[in-house]
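I'd like to ask some things about the structure below.
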Amino acid sequence: MPLAMNRDVFITCAVTGSGDTAGKSPHVPRSPKEIAESAIDAAKAGAAVVHCHVRDPETGAPSRRNDLYREVTERIRDSEVDVVLNLTAGMGGDMIFGNTEQPLPLNPVGTDMAGATERVSHVAECLPEICTLDCGTMNFSLGDYVMTNTPSMLRAMGRMMTDLGVRPEIEAFDTGHLWFAKQLVEEGVIEDPVLIQLCMGVPWGAPDDLNTFMAMVNNVPSNWTFSAFSIGRNAMAYPAAAVLAGGNVRVGLEDNLYVAKGHLATNAQLVEKAVTIIESMGARIIGPAEVREKLKLTKRAPRG
Amino acid sequence: MPLAMNRDVFITCAVTGSGDTAGKSPHVPRSPKEIAESAIDAAKAGAAVVHCHVRDPETGAPSRRNDLYREVTERIRDSEVDVVLNLTAGMGGDMIFGNTEQPLPLNPVGTDMAGATERVSHVAECLPEICTLDCGTMNFSLGDYVMTNTPSMLRAMGRMMTDLGVRPEIEAFDTGHLWFAKQLVEEGVIEDPVLIQLCMGVPWGAPDDLNTFMAMVNNVPSNWTFSAFSIGRNAMAYPAAAVLAGGNVRVGLEDNLYVAKGHLATNAQLVEKAVTIIESMGARIIGPAEVREKLKLTKRAPRG
Amino acid sequence: MPLAMNRDVFITCAVTGSGDTAGKSPHVPRSPKEIAESAIDAAKAGAAVVHCHVRDPETGAPSRRNDLYREVTERIRDSEVDVVLNLTAGMGGDMIFGNTEQPLPLNPVGTDMAGATERVSHVAECLPEICTLDCGTMNFSLGDYVMTNTPSMLRAMGRMMTDLGVRPEIEAFDTGHLWFAKQLVEEGVIEDPVLIQLCMGVPWGAPDDLNTFMAMVNNVPSNWTFSAFSIGRNAMAYPAAAVLAGGNVRVGLEDNLYVAKGHLATNAQLVEKAVTIIESMGARIIGPAEVREKLKLTKRAPRG
Amino acid sequence: MPLAMNRDVFITCAVTGSGDTAGKSPHVPRSPKEIAESAIDAAKAGAAVVHCHVRDPETGAPSRRNDLYREVTERIRDSEVDVVLNLTAGMGGDMIFGNTEQPLPLNPVGTDMAGATERVSHVAECLPEICTLDCGTMNFSLGDYVMTNTPSMLRAMGRMMTDLGVRPEIEAFDTGHLWFAKQLVEEGVIEDPVLIQLCMGVPWGAPDDLNTFMAMVNNVPSNWTFSAFSIGRNAMAYPAAAVLAGGNVRVGLEDNLYVAKGHLATNAQLVEKAVTIIESMGARIIGPAEVREKLKLTKRAPRG
């Protein structure tokens, strides 16, 4: 009943994401080399985990090419810096409709609906220690994009991840996604120890006010490990919220481009700021070895 | 700070819905005549508002044929019983995918994606006092069905409803839907007085635990009118939750088939039970006239 | 995460209390005979537990005379109606100050500060199955009365109750009282199974809004049994709140004199109304035998 | 509904308090000179407000001698550093009982029950911009001490403060204290703009978990200004909680002696750490001038 803050906190750096941000900041990494380097710098600054998407090296557009994931993975593994690698498996569930008078056929520009095996293929190939599983379908962010992950798709992908020995990081963007995550655990699709990311403040998922956040936190089973973040303007306020609520912290250019009003950040700078906040609150930053122990991860070389 | 319970409560009866329930209870009305009669009985039992879907009179399958809505509307309007008519506009946003290895093309069986004008056409024709607006996209209930309502679709439909002078009842199935509803109000798409239904406990939307429910209630602006329900096992517990939290009540066969364990209900019986609970708690049931005044509704004859 | 409502609910009837209510309703029982009869009627109406104070039979003023407790106990035990007896141990911690310019000496009228042994003496003599333990000090209700129960007093009284084999019902009037109750359990002063009453809406303790109530409920350990009530205007709304939150129900003339606006109630009528609400919500009322099993109570004859 | 964090935060430094801490850290100031100097250093470090008690300069024991308050006030006012002065009015409501078998007579050692005029006399003499009003009675912290402030005493003291033109800072140690504060505002005893301090984690008041904290925050009227703190181990975690919830920050040696595990702090160091956290979260620290404008304070010289 005293404040159940987390006193041993790990930081995940979400290095680049799939957002339309590559043109908005020179610090958003595009090529596998840039992504790996930015991830390594974030690890040096205190991130125990790096969560990576890949992008087309030329255009900066989001991509799900396996060769790009492979290059990012190898570059990070070849570095001398130890860090837990977390690859997104969120791509390939993108839907854009025609228009409001004729929603179908789907708009081929922007729609990318892959099968489960294909969506997990880079995970099978790279065998990261963690990969994400976006636990629901919703209108996602501005524009008219639907992030699409049906129950059967989530069961299929989750089962594949579990069979590969890759720990899924469940991403819950609203209270119903957390509910379904519990269903997947109950069904045995996802095994202990369970890891969940509470993704707050993404339109039109759960808003990031503390009442909503606490409703979600109150529903996270006590034997799960959770982390949380919010995006944009509140991104650097949320590390404190996450720690106070007993969780871990995610920051990074996927979620927010600024380290202060008007000052574009690098991933390392965002991590440094999170470290400052967390340590000032009286908590300790834990590194990749402790995260592996907590989440029973196995560091692996690419399967090749 | 004392309990802000609602002491002047209106009941909405959700008469039949679009669920796969017509074969599960002899009381689920199918034909326009049955639907109208069940609605009228519910009104006699204390419902100020009747929320109606239509069904194929033969098969009981959900339908969005305008002639059926028209018949329901006229039958209710021709009766001597005064009640506020609320028609669903939730149909026509149904998506079912191929399979987990090949999500596209969409499964033609079960997929029904209509344009905004078409989805609102029965509202334009029948001019009910209220029609629903499902404020988001999500994996809806068991099976692999996606309830699809993108931001642009919601803006288009909401604008049409407002222009028709029909009060939208926003349906929020999770915290993010409520957030987007506030956005629609801010944009002027939906006008005061705002009416919202908090739809709890529908997999995979907001679970119906009190922490989640209160997080949503805390985010309903104080000048909005809200109602709430949960489905299935907790359906007859939720009228109390709604009233305690300051809201109004929805019950009916769309949400729940049983009046007690093992006893199939009629709509009137569900309304009667809600009346008993609400009055025992010390609140008063208000009728259609007071609801019209509160929500600035205009009782209208069909446009035809 | 679905609503964790309680589906097996016991009702406590708080038969008379110590409030200034004897003159406000002809139904508030005064003499041991009246109190026992009202308690028995409440049990017949569905209360599994009766919580009794005693009053001066002539004046109706609150009393802590052991002979009165004894008579109430014997009359209830001699009846053919089975019910769990719960005696207050809240008397004897009453402080009234001089005035705001000279708080001391304490006002002899209204001040009654007894020692622990004396405060528990009727419990030792009557050996009820349950007795209350008011877990804190606070400005209590209107007027300038301080309900006084210091930590050392609570440790002493709680230890005596435990040694007597009488189950303490912890009464928590604010969040800090619940916190101290957990401390008493941790210290071994109170043993499992733990029973707590959340006493809401008593000025100037915890207000009875749902946010405050849920904050308290969220802090009740999952292996404790809890009940809850509010007083006055919201008394008949709170049974629903208690059940929805997973708890049990208390009603009775100690908390509220009215069964509906302007209609003075008997205890049996208040219990009947609670039964109606609880059963309508889909829960079952459990009787004294099930309560004894749940709380490991032993029905005992007076020690005498 | 997005996070309603406070982006313009003022810090109060609680310089010394009345706790048994003078022997536990060399940094706890005792004499008026030490208190004033520590307050001024805290102001230089970023505190807009300094909240001061006084102590016996020889023994370090808490005191309420007016000459000591006067000296502290004058020393702070004579310095070149601008800061809002906040004097405690919490002394003089101390009760210690005899023992658990004989609570009365009160223990003269530790009992100090003064009248309203006397408790406010140093406020009348020093005319600080703010003084505290502890809004209730409770078992306070370890030991058997009762902090005593009855409703009539609070009405008398609050009225005096208002008449003196000194802004009361309501201190709420539990949810019921906040409720009574609203009552005082409703009665006109306390006038706008209202300032409240949510005092979390003091045994046996409100625990400092986020659910309880949010229940209190949800009950603070939107036109009030609030600040919050917790004591001891969570003291340096709470600035983040306060800001996230929309409030202001209090730190200082009254609440906590350590700047990090095992490192005794000065007031200035605690303030510096709070500044770091707050600014890292993206908020701005405001100074005494902005606080005065916000709370309509008037900087005054001693009346003498």
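Going in written order, the chains are labelled A, B, C and D, and every chain counts its residues from 1.
Keep in mind that, in the parts below, a contact is a pair of C-beta atoms (placed from the backbone, for glycine too) under 8 Å apart; a residue touches a chain by one contact, two chains touch by 3 or more.
All figures in this text were calculated on a predicted structure; none of them were measured in a lab.
Peer 1: Once the contact rule is applied, which chains count as partners of both chain A and chain B?
Peer 2: C, D
Peer 1: What's the distance between the Cα centroids of chain B and chain C, rounded to whole Å?
Peer 2: About 42 Å, centre to centre.
Peer 1: What is the distance, in whole Å, between the centres of chain B and chain D, each centre taken as the mean of its C-alpha atoms?
Peer 2: Centre-to-centre distance between chain B and chain D: 50 Å.
Peer 1: What's the distance between the Cα centroids of chain C and chain D, rounded to whole Å?
Peer 2: 35
Peer 1: Any chance you could list the residues of chain C touching two or more other chains?
Peer 2: Residues 1, 179, 207, 209, 211-212, 214, 218-219 of chain C touch two or more partner chains.
Peer 1: Quick one: label the inter-chain contact graph as line, ring, star, complete or other.
Peer 2: Contact map by chain: complete.
Peer 1: Going by the contact rule set out above, which residues of chain C touch chain B in the complex?
Peer 2: 1-5, 201, 207-212, 214, 217-218, 230, 233-234, 236-238, 240-241, 243-245, 260-261, 273, 276-277, 280-283
Peer 1: Note which residues of chain D are touching chain B in the complex, please.
Peer 2: Residues in contact with chain B: 1, 178-179, 182, 218-219.
Peer 1: Going by the contact rule at the top, pick out the chain A residues touching chain B in the complex.
Peer 2: The touching residues are 97, 99-104, 106, 113-117, 136-139, 143-144, 146, 148-153, 155-157, 173-177, 179-180, 183, 203-207, 209, 211-212, 214-215, 218-219.
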